[in-house]
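Paired with chain B in one complex and with chain C in the other, chain A is shared by the two complexes that follow.
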Partner chain A sequence: MGSYDNERPPQKNLFDEIDPQWAWSQWSPSGDDPWNRQRAAHLHRRAGFGASKADLDNSVAKGFEATIEQFFAAPPENDPLMRESEQLARTIVAARDPKQLASWWLRWMRFAPRPLIEKMTLFWHGHFATSADKVPDCELMYQQNQLLRNHALGDFAKLAHGIAKDPAMLLYLDSAYNRKAHPNENFARELVELFCMGEGNYTEKDVQELARCFTGWEIRRNRFRFNPYQHDDGLKSIFGSNAIRSGEEAIDLVLQQPAVPRFLVAKLFKFFVADEPAPPPELLEPLTKRLIDDRLNVKGVVEQIIMSRLMFDPRIIGRKIRSPIELAIGTLKALEATTNFRFLADSIQLLGQNVFYPPSVKGWDGGRAWINSSTMVGRANLVYALMQNEATRFAGGSLEDWARKQGASDVASFIDVVVSQCMAVAPPNAGLENILRQAKDWRGNAAWTKIIGVLAALPEMQLG
Partner chain B sequence: MMNEENFRRLSRFAIDRRTFIQGSCGLTALGAASSLHGSWLASTASKSTSNRILIVIQLTGGNDGLNTVIPYRNELYRKARPKLGIPEADVLKVDDELGFHPSCRGLADLMEAGQLAVVHGVGYPFPNRSHFESMDIWHTCYRKDARVREGWLGRFMAQHRNLADDDAMGLHFGREDQPLALASKNLQVPSIAAIEQFRLRIADETSISEAMQPVQEAENREDQNDLVAFVQAGSSAAWNAGKRIQQVLQSNQELPPFPATQLGEKLSVVARLITASLNTRIYYVTLDGFDTHALQPAAHASLLRQWSEALASFMKYLDVQGRTDDVLVFTFSEFGRRVAENASDGTDHGAAAPVFIAGGSARNGFLGSHPSLDDLDDGDLKFQFDFRQIYATFIEHWFGVEGDEILGAKFEPSPFLNLIPA
Partner chain C sequence: MRIRTSSVFVCSGIWLLTFVTCFGRAMGQVPGMDSKAAELLPDTTIAYVEMAPLSQVMDHPLVKHVMSSKPYKTLLRNPEVVKARGGLTLAEFALGDKVTSLLAKASERGSYLAVDAETQGVVMLMHAQDEATLNDVVTRVMNLARQQANNGSGPALKEGEYRSWKYVQSDQGVAAVMRDWLLLSNKAELAKKIVDAYLDGREANLQGNPRFTEANALVQNASASRTHQGPKHLAWAFIDIETVRRLGVAPQAFTGKADNPAAELLFGGLLAILKQTPFLSSEWTMSERSFSLSWLSPHDPSWAGAEREFFFGPNGEGEAKPLFTTSQPILSASIYRNISEMWLRAGDLFNQEVNDQISQAESGLTTLFSGRDFGEDILGAIGPELRLVVGKQDFDDSGPHPAVRLPQFAIVAQLRDPKTMQKELRRIFQSLIGFLNVVGAMNGQPPLDLDSEKESGVTYTMATYAVDADASYTDPLPIQFNFSPCLGFKDDMVILSSTVGLAKELAAADLSALDHQQHASAQSSGVVADQAKKNTILEVHSAALKAVLLENRQQIIAGNMISKGQTEEQADQEFQSLLLIADLLKKVAIVLNVGSEVALQLTVEVQD
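Presenting the complex of A and B:
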């Protein structure tokens, strides 16, 4: 190795010293390590989009296991909120404005009774990223979104097969036509590189042979169609097997590769547990085994991660950088607020994330990539603008009303309320005292709004 | 799969440190070149480099190099591109063999003006055809298994941050994530999505901005996880860069006449900052959309037009301001495309492609020979220059500093600047 590498100090990896068996066994609250509001808030941030104080008190009263059960329960039947949301989505699809679709989903993340399903749908949206910038067809984007939602906590094989024939995806990957004389490699490459295995687990030859399997797969009039005249029906040689002809067989073969569960587990770990450092393979081994035992159904492994001892280890709290969506929806939920979601969808784009508009087929990198000097200012501006927006209501009233209900009588107690409701990690006292000194004479709604804006500029506000 | 060591070793352009030292006594071909370059460093690093600026334009998605610099008389080109080939009559001919895509009038003009170097066949050994992996390789100079999360420019800027005085050493313009090329553990480069976005809105209305600074810099955060420190550094960089850029732009209100395109607007801001004497040394902009798997002709033509017009306007403006000798504009893409077109009127991911260097110090013309169309590497053009040779030229000859550590090995600079003896 070159001199550059030799000069690096060895990196300490938090996860190197953690026993995998300990990590993934179920956490149980105890006298020293009780199920309290702080732990409940952590759970709601990771498995959902945050919670209000009332939600947290409710979860604490209900107990750890019952709270987890609620996260994983099937959506309530005939839920009026859900019916209303689906009705709204249909109206938007009819109006054909994908930007409205984005505001619809953000609103649903705020109100959905099963936030984990939305969180996982967002995970798959980043995984099978498709942008309305290139596919500005509301109906197709919504259809894909429903596909992701239906399998969000289910069978990955079904999801992969579904996405392979999903019109929005194939249009996005320029794969609406695929003729046998010149196979289009794009979908085949993303299938192994980004969707199932990760780079380094296949050869160029595998990609080329896979591409032959998908010839004749077409999108016509917004529907998937198999065109036998354009399908190369010869045998293909992929991953050492010579018995594959069809695209469906090819996907099944890909899904049997040992890289698949490893790849998915590593992504789920990053999404739910910690952006960094990357864990050693041994730590993920029990999860990979679970996913294999469950035949790539992700529900069990997600549950194991979320209920684990490692998840509730104090070192894990605040070890993620909140995505712009987590920041915005989390703040609204913490303040029991609703807002103009179209405004939110338009503004959040500037921070590097908007649903239905991922930046590339790779989705969002997340972690440190969320933060740069421009997005740092932008984050504070977004939260401040949400507070100021005239459509924003806090438990139905003004921010001042809400503050009063929380028992915040002055600036100091209001800062306490916001810090404990909105942040995973408290900022240093010196900084808070500074804000307090500046703000001590502020009064009324404008004061509360500004204080939240200032607090949103703090590094701690960005952690989840 | 290629591992990192092979990546380094197999590049015939990487000069082993030991060979380099022996070479300067033994006068092997490489040694001769290197010792020459060593004396050059000693003589020029001091004064003439002090105003120099590098602008990087990243064409994201894999630009079709073969339809940008076109071997218009080559029968193999016609054969590989029955539908996508550019008719000879439309090509902007530079010589008897090569010409530019008809959308690249700006490039042709720059070459006419003596301000454009085109380096043929730039790539690296064992090309990776994944956008993200290949882009990471160009950004970090390492392959994935080396797990390097710092970029070549990030390492350069962190080592030489004094070159920018108190200004930001680098700036990135765009809404996309910050390119890994700029990443460094020790220095954060501000990303600017939109100039207006750089102002904290709360700060307009109150004296709160004074309260913010000490909050940002408050101590006692050391015992917490390093994400906090990272985010904190990001906010401080935002404060400082934001303030300074506002000042500079206020002092230079004149809007240069640039095309009203995304890239045109970004370069227009860069031009204003440069002429207002911001000391920033690296500016980074991107233009996305080059992944033309289907219906390539119209999309590619419009992207090339956007790039070439913006670049030409930028150089023209600097010319008027008398600053062309201080600036180089480097354009690259993560890979070229397959030589053969596909069935969707597009092209798939390929390998080697040309890079472009504009500026008063660019050695005008083509460097190297156009890659052969009958000696392909799995359907792709072979590379003849390693991209790290291009970087070595920027670091060592443009900025006049040591490049080995930044690039991970010693690379023989490629002579696309007229500062370097041919």
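Presenting the complex of A and C:
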């Protein structure tokens, strides 16, 4: 007799029946499917961390394409917000506490005028995971963060070359001293397995030969240095090529492998479109081709994903589980709030997403890994604690003031405002009516805080 | 019989209190007409504050000086303050007079605040010069309150009657005018009691409480002893501790064992007094450039018991040494505390949890101090007179600086057996530096170089962080570079300092001059009898504190931006407000005098 699972009919993969050409062609608003606040909110959630009602109204007024353009525009030069944030980062780096750096970054995610760049920087931080637990040097961690930010929507090849010589990365992978007598395989292995190609696309021999290429690559006084005396200058045989000598040549060779664009596109799909199920390779083929055509420059592919019909398909809305950062920053943005970012960094850490401290070289698994019985309670508690924190201000005032400005005069209208601002999909009416019954006599600031806390415990609040 | 019109009024947003008033009652001579406030208040009153007329406070040279100072005027330009003052100006326009002027008129013969245990209510009584003046004030306020109630911007008013007196009530409290007395209370029941006392007289009143009389006498004596050299008080207060204890309010403060060793070290003796004293009295005085708040209590050395002898010394005669200071002082403190005795009596003083922690710590510390018993041998080697000095430190302008510039600090104590202990402490210091180097190296921290020297009969053992030209420490330097730990010995005195410079500065101090200063200061304080001992002395100076704040401006602003989510502009504004306080204040001093009475005096000096 088969097990229960075996008796169930195999689940259909949502993406099996989707035509790749249709999926990645550009979505255009129409009478039946208009560009409205809901669509704009979806875009802001996926391409950023969420938005306030005013930002959404602004996006709707501007139109779909102009909004997309703004997401991909280069950061404004001499932007006072950016100057302020850079100055803040420099001050924190001078104090040499990486934990403060995490608070700084969360603050910047909340206020950055180009949220897509921060979202992509977060993506690369998980991709090229490096932890301050092992590299407690604040300056090196910030330096790496800036490297990821500078190439966030740029040339992956340049980013891969940069990360290969990044002091924080090499210290993290124990590659600060890589001598020809004992080649260190850590970086070589992660380069192919986690950074560029994925498992099954290389052999152990490839890793060993790659490791020989990186001998003589050292970190001295927190700077990359090539030590020719410790470099194995012989020819190496990698992926069938016998003409490789240097680390740079090795990286170029890795980047030429067909697995690289496939690997990156799959990760970007998971990050922007849906945690699961894994899409069939055919669905990703147009994106892979685009990435190859763009010589591994990721901006075009990210743009194609974000503007695609599939992205705005109703089946995709609310199909991602928000990471703790997306939940917290998204809620703050939706409520036009600012808070104690030190407290936020500490709280998010308890939910498993401590920026600058990823759990392993694999980064964060994401998706369903964010949710279990303990983190569900923790996530609701996080939102509630943020609302209660004495430093939290909503558009400069109290939550009650903010609710009044949004036109929420009673519990029912306040719930409507929060649901429409903070959730990708509305909870079932029965659930909301239940909250309404409980909260009918609640009044004032404490009541609004409590209502957000209760709503934060709903499954719909966890979706992005 | 004349018909008198009293007013009842409700105050809204502009006032902190909301009134209910009584009006329209036939009234002739009533027993309460010539009563003092304490005679109108019930005998269940547990706290009482008597304040001088507001006009006396507002006309005081200190208040005038503060209000004409630059920091105060700058504060008035703060957007939040401007906003609040805008609302106040509108209200004053409607009232036809300034709020301070109306309050001064209503309290021309004093104002009184009291807390009643029975009703758990708070009452404020204001005594005007005459009935007509008070009625004028009340009428103005009532007009505004009615207007606000009608347009919904103020609390709703509800009218009723008590003993044929009409009144108006809001959800925030009650108020009544009894001829030249204005009564405000958050509890109607308490207001009724006072009106009853005014109309019928009251035998059991606060004035009849012997502890109240004693407290008043204590304050009067302190005031009288200052007559020739200091100001009269502008307010005095009484707290009936015996009743508070009996009622079981804040039982943790009066019973049970401490759960915080640091709090016990600093305030343990005061808690012992609170457990025994029948009352506390307090007085507030102002001079040309300072104001003082003193808390006084009777004292019996036996109250502390053996377990708190560490705080007061044998027979309560422990005395703190004169304050040490530096060229750029931030904080100077001198205390009498026998820490060894406190440590060894931990079982009597602390709860089980703290005792477990102390046992654990003792085991680790004994290992660190090479097997010597920490409580008995190490702490026991140090005398009970401890001094702490915190001052701004200067950094060499030619070299790199730490990103965060911390003040330097030192602890100074006397050694009981200098000959033996100097050698022992030096060895422990060296071991500690070695230990810090091992731990630091594991965490990539810079190493400390050990050195020693003898200068003018003082021996120093010191450890410094060197800025190695070959190392990666560039400007700004890590926070560790604020420290160059130093252990100095001068006769029987031991100095443990965070920097070598401070240790040398303290070792060079003229001790006999300090003793002379302390004697002079004791004679001039005048709070308690001259034979009282100074148990604790603490001074905070604003000039160097401001300099340290300015040196760390960027870090403080960054901290606010992160922890309060502020913009740089908002964080800077908050920082500027902090500087304004430093600009306004010159020095804050706290002194605990112990004799037949105990007096805890807080004095705040403002800048000239």
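Convention: the second predicted complex is superposed on the first by the 455 of 464 C-alpha atoms of A that agree within 3 Å, B and C clash if a C-alpha of one lies under 4 Å from a C-alpha of the other, contacts with A are read in each partner's own complex, and residues count from 1 in each chain.
Rule of thumb we're sticking to: a contact is a pair of C-beta atoms (placed from the backbone, for glycine too) under 8 Å apart; a residue touches a chain by one contact, two chains touch by 3 or more.
The structure displayed is predicted, hence computed values, not measured ones.
On the shared subunit chain A, the superposed partners chain B and chain C are arranged side by side without overlap. After overlaying the two complexes on the shared chain, residue contacts for A:Q100 are found with chain C alone; chain B is out of touch. Here chain B and chain C are compared by how many residues of chain A each touches, and B touches more. Once chain A of one complex is fitted onto chain A of the other, the partner contacts of A:E17 are absent, as it touches neither chain B nor chain C. Judged by the touch definition given at the top, the superposed model places A:T339 against chain C, while chain B stays out of reach.
In the superposition on chain A, A:E77 makes contact with neither chain B nor chain C. In the superposed pair of complexes, A:T91 makes contact with chain C only, with no contact to chain B.
Angle at chain A between chain B and chain C, computed from CA centres in the superposed arrangement: 90 degrees, to the nearest 10.
Contacts of A:R393 after superposition on the shared chain: chain C is touched, whereas chain B is not. Chain B and chain C never share a C-alpha pair closer than 10 Å once the two structures are laid over each other. Taken together, the two complexes place no residue of chain A in contact with both chain B and chain C.
On chain A, the positions that touch chain C within their shared complex are 84, 87-88, 91-92, 94-96, 100, 103-104, 107, 110, 136-137, 221-222, 337-343, 391-393.
The part of chain B that touches chain A in the complex is made up of residues 1, 4-5, 8, 17, 128-133, 144-147, 155, 172, 175-178, 188-194, 197-202, 205-208, 210-212, 214-216, 218-221, 224-225, 227-228, 230-232, 234-235, 237-239, 241-242, 288, 291, 293-295, 340-344, 346, 348-349, 378, 404-406, 408-409. Contacts from chain C toward chain A in the complex involve residues 403-404, 443-444, 472, 476, 478-479, 554-555, 557-558, 561-568. Note for the complex: chain A touches chain B at residues 1-5, 7, 173-179, 181-186, 189, 193, 199-200, 204, 207, 275-276, 278, 315, 318-321, 349-350, 352, 359-360, 362, 364-365, 368-369, 371-378, 380-381, 384-385, 425, 427-432, 434-435, 437-439, 450, 453-454, 457-460, 462-463.
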